[in-house]
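When the chains are written out, they are named A, B, C and D in that same order, and each has its own residue count from 1.
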Amino acid sequence: MGMVGGGPGAFIGNVHRMAAALDGQIELVCGAFSSDPEKSREAGKSLYLDENRVYGSFEEMILKEKSLPEAVRMDFVSIVTPNHLHFAPAKLAMENGFDVVCDKPICFSLDEAQDLVKIVNETGRLFCLTHNYTGYPMVRQAKAMVKAGELGKIRKIIVEYPQGWLSTFLEGSGQKQAGWRTDPEKSGKAGCIGDIGTHAENLAEFISGLEIEELAADLTTFVDGRKLDDDGSVLLRFKGGAKGVLMASQISIGDENNLRIRIYGEKAGLEWSQLEPNTLIVKHGNKPNELYRAGSNHAYLYPESISATRIPAGHPEGYLEAFANLYKEFALASQLRNEGKPFDVSFPTAKDGLRGMKFIDAVVSSSSQNASWVRM
Amino acid sequence: MGMVGGGPGAFIGNVHRMAAALDGQIELVCGAFSSDPEKSREAGKSLYLDENRVYGSFEEMILKEKSLPEAVRMDFVSIVTPNHLHFAPAKLAMENGFDVVCDKPICFSLDEAQDLVKIVNETGRLFCLTHNYTGYPMVRQAKAMVKAGELGKIRKIIVEYPQGWLSTFLEGSGQKQAGWRTDPEKSGKAGCIGDIGTHAENLAEFISGLEIEELAADLTTFVDGRKLDDDGSVLLRFKGGAKGVLMASQISIGDENNLRIRIYGEKAGLEWSQLEPNTLIVKHGNKPNELYRAGSNHAYLYPESISATRIPAGHPEGYLEAFANLYKEFALASQLRNEGKPFDVSFPTAKDGLRGMKFIDAVVSSSSQNASWVRM
Amino acid sequence: MGMVGGGPGAFIGNVHRMAAALDGQIELVCGAFSSDPEKSREAGKSLYLDENRVYGSFEEMILKEKSLPEAVRMDFVSIVTPNHLHFAPAKLAMENGFDVVCDKPICFSLDEAQDLVKIVNETGRLFCLTHNYTGYPMVRQAKAMVKAGELGKIRKIIVEYPQGWLSTFLEGSGQKQAGWRTDPEKSGKAGCIGDIGTHAENLAEFISGLEIEELAADLTTFVDGRKLDDDGSVLLRFKGGAKGVLMASQISIGDENNLRIRIYGEKAGLEWSQLEPNTLIVKHGNKPNELYRAGSNHAYLYPESISATRIPAGHPEGYLEAFANLYKEFALASQLRNEGKPFDVSFPTAKDGLRGMKFIDAVVSSSSQNASWVRM
Amino acid sequence: MGMVGGGPGAFIGNVHRMAAALDGQIELVCGAFSSDPEKSREAGKSLYLDENRVYGSFEEMILKEKSLPEAVRMDFVSIVTPNHLHFAPAKLAMENGFDVVCDKPICFSLDEAQDLVKIVNETGRLFCLTHNYTGYPMVRQAKAMVKAGELGKIRKIIVEYPQGWLSTFLEGSGQKQAGWRTDPEKSGKAGCIGDIGTHAENLAEFISGLEIEELAADLTTFVDGRKLDDDGSVLLRFKGGAKGVLMASQISIGDENNLRIRIYGEKAGLEWSQLEPNTLIVKHGNKPNELYRAGSNHAYLYPESISATRIPAGHPEGYLEAFANLYKEFALASQLRNEGKPFDVSFPTAKDGLRGMKFIDAVVSSSSQNASWVRM
């Protein structure tokens, strides 16, 4: 693969590289790691790349790689830049025949997202949006249980993503991660709700298979001087009658990434927490609740869950393994597609990205109208 | 004390009796346990009461007890009937000089609640509303920490009370508890939001010391045939700028009484869960989160918490002990008042009951206007 | 009931009184609360007792009460003194026709225990030893599950009781609880292993229904100046082939009363922790582990568990409720016996007390022989 | 690196490959994956290896690789065969100038282990024994806290490793993992105590910095037909006076890899559980216990812990990441050594392997003498 972004000091670029490397199926062969060619070179060197394949810009990378023999050139492009720099390389890559892995949210604005979906459809390229939490084995188990009807009709979904790291004016300190995430020029029209609210929205729709129909949102910026929201609470109504609540916050002091989802159906309920990702609590009305555990050896799990684990139960798999599942599935789909064989798309795609941008738009719009209901 | 309600098959009557008995300070001396005099007698007998002091109605009880010598007659009245039967005995008791302990919500309607507060003020009687969760030692600790400024300015409050016991049409089976709680003639205009939503509302205001200013609510009745809401999600805005979310549900299948509250301030946060009531998680931004534990021997706890425990840490105290704290504090206040001494009112009162009725009104009103904001 | 011991500053006396009072079936009518008559009077006054029934010694209490009319005199004696003062009042009470509730361990020495069992047998009196942890609903559930064969043949039992409160030389500070518990004149030949090790031993035998056959123990006194052991680790072999480990410690700094037991059989396993007593984890080989929860409404529980709860699931019951179960069951058995009716003995008795003293003897003997195996 | 073992169906071989790949610093370049050359070839192909560097035996691999130019040949050998096949390739590799990573336990017998330590010393090669649990960030934190004196003098260590997967006669079903682990020809003289007991022993010594001086062990084989122990309980005495208990079991039905360690010192205590590896509970005597959490952004952690994490707190790292830490540290040490620079040995070495073999020997010896004390 070839990488766009992910130079020195980047958090998510390294995550993508580790995730891609884990299963020994994907090799990083080139990159345009920074808009500063010197920094890009430096990154490439530390990654043991051929210096001829460390590029000064994504345009250069895509066009030069395209000209290389098929056996040599990168198979796909991985985009790990801030939000405002997703669209251009994704477009160029697909238009030049490359599949794309892209960090979330899909891009800067709803317009861009709609364009991207169009380009995906026109070029026939594969597009994987790294809503990485969908890669956890117990999230897959939850999705499969809902799909199989084990919960009955879904009634209520509560999804929350509290973080505490932006409880203070961290962006004022020059911290890079805080900087771009709170900057409307780079993040888009939403802060917290775009950065992590979209994860929560995606997870709720991914597991439940239901679409949010309308929502009422109350966004707040608690920290003085901050330019975007750092907290949001959203009432949800799903197609088909389920109700829900979504909470995302970056001022929940003392919380890390406490992403948690609870789904209640007529027959059973589910609860999953990202901080202990290998357990899924299955709730019942007339018998004891159960602790489902991730593990390749647990015959009671659905194949969709087992195939997302690498090792037997009791060896905790975490964030990187979940992330790696998306890369593994994407690479497999890409290979099968290239071989003309049928393939599964078990990973989030540009359509999910478009949902995310619609979510951001609807939330911001609702909040600006004092939490009126807005269709998504 | 004398009891109104709490005859055979009642759940909460027995809870009140155990709570009152626990500390050996309060004796049940009389009662009007049922509107059916035979059932009342039966209850009295099983409670070893003098048969002359088992009454056929609360009117009879209050008036006859009043005529007894002071050393003999009941000290106060405990009202444990369904909601629609709170007002009349409370009024009569106070007008005849008796202090009152009353189960929640305070009464059937906002009008009644306003009248009751007036009567309390006019008669000078003590009125304890058994929002029993306020009696837990770690709830007291939480309140004291907020009050002392340990959290800094409060930003966000999330309070939730999911239950699963009404996931099916239980009231159709003749189950008594389900019957009156889902009956608008007995419960009032709200179901779930009145029965347990008021607990959540009360707990949030009790700990934070903040008042809800306005709210936007989405109520649902998920179970076919049910006459009142069985689920509600509410956006909250507190006076002073804090935001919040309140969730109450009786269709959260597999959940028991998972009352949980999280409060985030500028400096620290708190998390408490009723199912493990002896632990309070204290959250920090730049040092490890801490596990505060209830216990009379923990010098790091505030006196308000220590005085609400009976035994050293490691001996779990639960629901009944918390409930008993309200009785103990009420009895002490009553005694001190009678002796003309200064006394503390650390228990919820009629004012809290009025807040609860305003909450119910505002929620129902908001929900009927498609979750518009309603002032409380 | 009449109480021996439990005067000012006593921890366990107040626990017994609250436990006895909780269900409204038992009334404290007299007591000899202290060897100091003045302190005894003071205690009696604070408990609202008739001053004529506050006695200066247990001998006086037992003999005077015996002379009162049956309808008036105490029904039974509750003994809550330090270990060395159990035997004499228990003996005198039973020889004068009174049933006895006695705190654990049953007495000061194995000889005394053997005598007491003889006296119980000769007098036909009921004797309840308050190994209170046996009163928890989920301990009852665990025992019933083992008995019903749900675990299959038991293989392994791990029981542990770590505390941290004696991590320092607390007895040097004059703290009363620490004082007598570390004093061989009052506690007997063992410290930690007598005080809490016997609880662990009792719990293991109570739930499993198995008897310890032999053991190898390593006792330690970690704190300088302490006269008795403050830590012990014991290998266990049960009759029938099960193996086990018992750990008791009072220098486990930061632990409260972390009594925990795990039992593994051929078909299933169990785990219960006193700090979260309302949950029982049931472990399986080929399906998810389950969370059994205490509650009068959980139809999946055995009657032995349900009858030990007062309220539906979700209202945590704790230490005092478990303690109260023993009193309730004892009082019921006593009443039925008096009425000539059949009765159950679901509470620990003098035989269990004798087992405890044998356990102490065997542990101390084994440890003094460098952890050689000693039959119990 | 070149791999010995790890062919089709092997569990641990794949784990080593993922761990080595994760950080992008180590490339698998050759292997002798099976004693069956056909299977070795097949494995090599699926791993995208040059077919000329897929060897039929470890001897062939080591000798041929040695003859390749330095820039091309493997840097080190990774040995992932069953226990009885560790010694020969490790010896040959080191004698031919290659550093070695080796799975645990270090070899088949104490004699072999002593020879290996000699060879390490004579050849000056680096030898990393993959006691992978030492790679967890919070294990590193625990070790650093002990070393810094935060716990004071250590008094008590409890380490346990219960598993349930061998509760039945799984080896009779042809399951490969169960087969060799219960076969004395392949595992050596111990079953459970060698396979996982050594992990527990290593973890206790690694964190505490203390050496076990003597032990008393009771081993059992619970499952009919099994040739080696499947359960063991061991009393420990450490040099310097600390006491301990070690439990390892493979018949703890329903448990996964519930490796857990608790260490109590005079000033503070620690508790860590492998199933939730990102949390370390720090216990105190006079203030609340604390939840230390892994994360590159937690300034309160020691550098030894932070350097063992890849991502900020809240992104769970697990088993593979911990395993990868050993590879990363080993590779770095190897590189620095090659460059003539100073380097740290933060990973377990052959000396730890020798300790493990001594532990196995002592446990088996003690158990065969009815749990007599045996010096280790």
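One rule holds for everything that comes next: contacts are C-beta pairs under 8 Å (C-beta built on N, C-alpha and C of every residue); 3 or more make two chains touch, one makes a residue touch a chain.
What you see is a predicted model, and the numbers here were worked out from it, not measured in a lab.
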Given chain C and chain D, the chains that contact each of them: A, B
Identity of the chain that, by mean CA position, is farthest from chain D: B
A-D compared against A-C, more contacting pairs: A-D
Interchain centroid distance [CA atoms averaged], chain A/chain D, Å: 34
Distance from chain B to chain A - Cα centre to Cα centre, in angstrom: 43
Geometric centre distance via CA averages, chain C-chain A, whole Å: 55
Residues of chain D touching at least two other chains: 255, 282, 289, 293
Chain B-touching residues of chain C, taken from the complex the two chains share: 11, 14-15, 17-18, 21-24, 28, 47-48, 163, 165, 255-258, 274-278, 293, 295, 297, 310-321
Residues of chain B touching chain A in the complex: 155-156, 158, 160, 162, 164, 167-168, 216, 218, 220, 222, 231, 233, 235, 237, 243-245, 247, 249, 251-255, 262, 264-269, 282-285, 289, 370-371, 373
Chain D-facing residues of chain B, complex: 282, 286-293, 299-300
